[in-house]
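In what follows, subunit A forms one complex with subunit B and a second complex with subunit C.
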Partner chain A sequence: MLKNISNNISNESIPYLFLLPCLLILGSLLSVPLYKVFEYSLYDNVIVQKDPTFVGLQNYQEILGDIAFWKATLNTIIFTVGSVIGHLIIGTGLALLVNTDINPKARTVFRSLLILPWILTAVVVAVNWQLLLNPFGIINYGLDKLGLINEPLDWLGDPSLAMWSLLLISTWRGYPFIMVSFLSGLQSVPKELYEAAELDGAGFFGKFWHVTIPQLKPVIYGVALLDLIWTFQLFPLVWLTTGGGPGRETEVLSTMTFRYAFVNFEFSKASTVAVSILIISAAFTIFYLRNEKNRI
Partner chain B sequence: MIFKKIITIFALSFVLIGNANAKTEIEWLQWFAAENNRDFYEGLVAEFEAANPDISVKLVTQPFGKVRESIVTDYAVGVGSDVLGLNMPWTSGFLKSDILEPLDSYLSKESNSFKTEKLVQAPIGKINGKSWMVPLNAFPFVMHVNMDLVKKAGFSEPPSSWSELKEQAVAISNLGDGISGIGMPLSSQPPSNGPILTFLPLLYSNGGRIMDGTSPNFDNAKVVETLTFINDLQKSGAMAPGYGSRTGGVDLEEFIAGRSGFLISPGVHASAVATRNPDLNYDLVRVPTNGVNAYRVHGWELGIASSSKHKEEAWKFIDFLLSKDVNARVAKASRALPGNLESIDLVSAEATPVMKTQMNILSGDEPVEELRQAPSAVPSWSIMTEEMQSMLRGDQSPNEAASKVQSRWLDLIS
Partner chain C sequence: MSKIDIKNLVKSFGNQEVLHGIDISISKGEFCVLVGPSGCGKSTTLRMVAGLETISGGEISIGDRVVNGLKPRERGIAMVFQNYALYPSKTVFNNMAFSLQNLKINKKIIDEKVLETAKILDITELLDRKPATLSGGQRQRVAMGRAIVRDPEVFLFDEPLSNLDAQLRGQMRAEIKLLHQRLKNTVIYVTHDQVEAMTLADKIVIMKDGKIEQQGTPNDVFNNPQTLFVASFMGSPPMNLTNATIFKDGVKIKNLEINFKKSSNLKIDKNVVFGIRADNIRLPEDDESGIPVKGFVTLVEELGTENLAHFNVGDNNFIAKTNAQAKLKLNKEHFFNFNMKHAYFFDPETGARIS
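Let's look at the complex of A and B:
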């Protein structure tokens, strides 16, 4: 009897033993830093202060009462939603284009070229776009030659243009992920459905609306949520392109965190903003996981 | 017999390993080799190691914008470098965190290769009753001039006063074809230090200051007057378009490429201009004045981390860098003035006209350094940048910009 119980326990514990390395890695690489960030947010300041004082939720009160935090939150929402919409529109359009029946070699070349923005690092993207959008850059030159502007525009330094410019750069950088995901989705749509739609007299838009979109719906939902999570936390592209400026016109929560930490050396406030990003990102992640569960 | 041999080999190995372990390694974190000649600094390290076989030096080079951040994070996790490349405006922030080791006891050593009173004095001035850094080199903020553009615009000499600066900058901008009189690097991008590169040198040449001792004093008449002058440069078309996205780096590049008439920046940039565009018809003058011959003094400083376990060795290396001959070579390599003024003869013997101008400015004009004691100096640059951007856009007057910087700076340190 005892032997049976012992065998059962050891049999049941084997899967947990296999999980142990993963749990240990997650525990040390994820849980500890998360806990530390939350703990830091409860002190007056840490890292640069030898004897920090526990202040409870005071940092949260201060951050929530700071208009700059709400401005950064609004900017984050505009940047995230705008970027994801841009990625979806451009990514879907290009996925449809590179899915058409053309010369296979040409199709491979187009697919390879169109995926390039995804391969480039944020630094390269930022520097390239800074050169393109410079008052003496090629974009202003082109607009001037077309007679569309009288004087060069400061795309990244003018408050009325900076966020739009950032959205353009973010869209360019992020569309390949959507394009690749939708392309694989498009290739799994049965051709019979398009044939049936054609027989019913559907044109290009009819087929797109009534066949492609419904078939891609699960992919669109999952990919858009994933993109939303990633873009919400995006830091390097914004910091390297505008630094959150001009003024604080393009300041997002991630750049605000960095500014508190490494410009002002206010690491507790940086942790407080980081926790707010974590809470919002976690909400998106739960939505995503639920969606994935429903799909399964 | 064989056994004896094995024992001997083991014994020798232990002795050798023991000796290898006895060698102390110190780490030198700096940005100098990134801006200068890396081989030159590696050569210096090798020279020091040859003279001090018991010490090895690890040269850690990072871009300027990254060093301040690295010093803080390294200190926090306890892996900091021993010898630190420093910038005077970082001082008050680092002192708050006890990152720096006081250098008074080291400076008073009789064995030092230099005399403390012969060092450039601004960096070693006491804060909280102690000295925290020593100068490796020094240079004034100056105005770099593209003489071809000055002549093309109809002038024979570079400007020496504010009114001449405005007149010539407007005339150069009017040449068209993407040419501008002067740039104003007011990008929010890190380190967002445009105001201290351009505004402060103009303010000092106007006899103004932004500090009252250790307290911010930004909303004063001289500051407003200087902001008004900068605003006039913008309104009159003297300024390059795109000040809101122009970084200090871009400002320098535009000048090197021959697209700006004037560049107000550290004299050490003469090195970049000379090496990257040797064909540029280039001159260097004092920042045009509005009645006062004063300059913002700057330099590359050295300090010791309070967390260093090898402070004596670290000082030995600093002492080597400040010795007359070595310091002269450092100055020549960086086209700056030596931190040890006893080296100045060695430098001036081979000085170019551009270097001689810098020496004249350093010896004849009034040096000003306010940021070493300024509280939250680095975050205050961002505030100045943002308010100056707003002023140049026409959203506020110079008076309002000065008041806002003052109140935001006080909020920051309260």
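Let's look at the complex of A and C:
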């Protein structure tokens, strides 16, 4: 009997044994920094001061009372939601286009070209768009030649244009992920459903609304949530294009964290903002994981 | 209800011609079954009638209209797909109502039509459910309901029963037949199952390699097969077929000579394929008429109402139908009576029937 029990225990523990190395590595790499960031947020100023003082939740109180934090939060929401909507619209449209029944070679070329923005690193994307959107860049030149503008626009420097420009860059950079995900979803939609809809008298939009969207719904939901999580934390694209400016017009929580830490050297405040990002991201992640669990 | 005329229908994929001039004329209210092995072009023909495949050549008319250039929704047809193609996100009600909703018909009329159709098919209690929660048979009924609710001129069925188990298939087959008797719509039905074809059809079109082998009533194609392929394809068990030679007094199968009064078309010394159905090989106790032939029994399949006895005559295997009580001993010789009035002869090279 004892032998049986020990057998059962060892059988049950085998899966956990396989997970152990992964859990150990992830745990040590994640838990220590996470704990440290949280700890820093409870001190007056760590790293730059030799003997920082424990101040409890004072940093949180200060941050929550700071207009700049709320402005950055609002900007983060605008940037995240705007980007995800942009990704979804452009990604869906292009997925439908590259899924059409055209010459297979042409289709492969289009698919490869349209994935390119995803392959480029954020730094390359940021530098390229800076050059393109420069007052003396090609976009202003083109618009001027077309007679659409009288004088060059400072796309990244004008407070009324900076967020829109940032959304344009983010949309360009992020749509391929949605496109690729939707494309694989589209390819798994049974052809007969479109044929049945065709016979039932549905036009292009009818088929899109009644067949494509319901079939892609689980993919749309999961991918949009994942995109939301990633975009919410996005740092390099914003920092390298507008740097959060002009003024604080495009400051998002991630650039605010960086500014506190490596410009102002206020590491505790940076940690406090980082913890707030972590809490919101964790909420999204839990939501995403629940969605994935329901799908399975 | 409309008649359908298919004239010289051709389909090519690139340089590959897969349908080589199909001619079928289906009368108003007729139940026409296209039957043949996989790849014979029956589904392609059906899809061309539906408008889901382009037409490379020829003409399709539904009623008095040539429909070649019309979109599927403009052809007055409804189709039941092999895998049902129900919209997974819609309830049974909305699956059935979708075509009417697209026509912007009054909601009250849609409700009435869907309910009426649901009653006919006995699926009223399923109307609020989604397709994923239905059994295969229920899905099949919903798919038919979706087609019926539109009151189309023509019904198209693309192997609608092939995903069902044998028992349900038999049941649904009878239901489709009853439904046709009630609604009297013109039907084109595609299947590879010759039993389905025989039981459902007013007219059977047997296809092979993109051509029509024979068309006619079930009785006609069964009793008067015009080609070797039709003879071998129609009927279960399939017709007994073997190479033979004609001699003065009958037909010679290797060393076995079967004497009978042959027609003048059967020239002496001509090589033929000799065919006879299992129904026409009986035990002497079942039917005394016919030419007795001694065979070596290798297998007996008991079907309940009758038995199928497999026996060898020399190297040739034959199947005979016997009464269910017949006690045939395996690996023993028995006499079987060949009813040569129902023997068939085919040209081994062209496959054409020699009458």
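The rule we apply is simple: the second predicted complex is superposed on the first by the 280 of 296 C-alpha atoms of A that agree within 3 Å, B and C clash if a C-alpha of one lies under 4 Å from a C-alpha of the other, contacts with A are read in each partner's own complex, and residues count from 1 in each chain.
Note that a residue touches a chain if its C-beta (ideal position, glycine included) is under 8 Å from a C-beta of that chain, and two chains touch if they have at least 3 such contacts.
This one's a predicted model, so the numbers in the text were calculated from it and none came from an experiment.
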Joint occupancy of subunit A by subunit B and subunit C, clash or fit: fit
Which superposed partner A:195 touches (first subunit B, second subunit C, both, neither): second
Included angle at subunit A between vectors to subunit C and subunit B, based on C-alpha centres and rounded to the nearest 10 degrees: 150
Touching partner for A:242 - first (subunit B), second (subunit C), both, neither: first
Partner chain(s) touched by A:215 [first = subunit B, second = subunit C, both, neither]: second
Partner chain in contact with A:206 - subunit B first, subunit C second, else both or neither: second
Comparison of subunit B and subunit C by subunit A residues contacted: B
Shortest CA-CA distance in Å separating subunit B from subunit C in the superposed model: 49
Set of subunit A residues, in rising order, touched by both subunit B and subunit C: none
List of subunit C residues in touch with subunit A within their complex: 50, 52, 71-73, 77-79, 81-83, 85-90, 98-99, 102-103, 146, 150
Subunit A to subunit C touching residues, read off their complex: 190, 192-193, 195-202, 206, 210-211, 214-215, 217
Subunit B residues within the subunit A interface of the complex: 69, 72-73, 76, 93, 96-98, 178, 186-190, 192, 240-246, 250, 259, 376, 378-379, 382, 385-386, 389-390, 393, 412
Residue numbers on subunit A that touch subunit B, as the complex places them: 47-50, 130, 133-136, 151-152, 154-159, 239-248, 259, 262-265
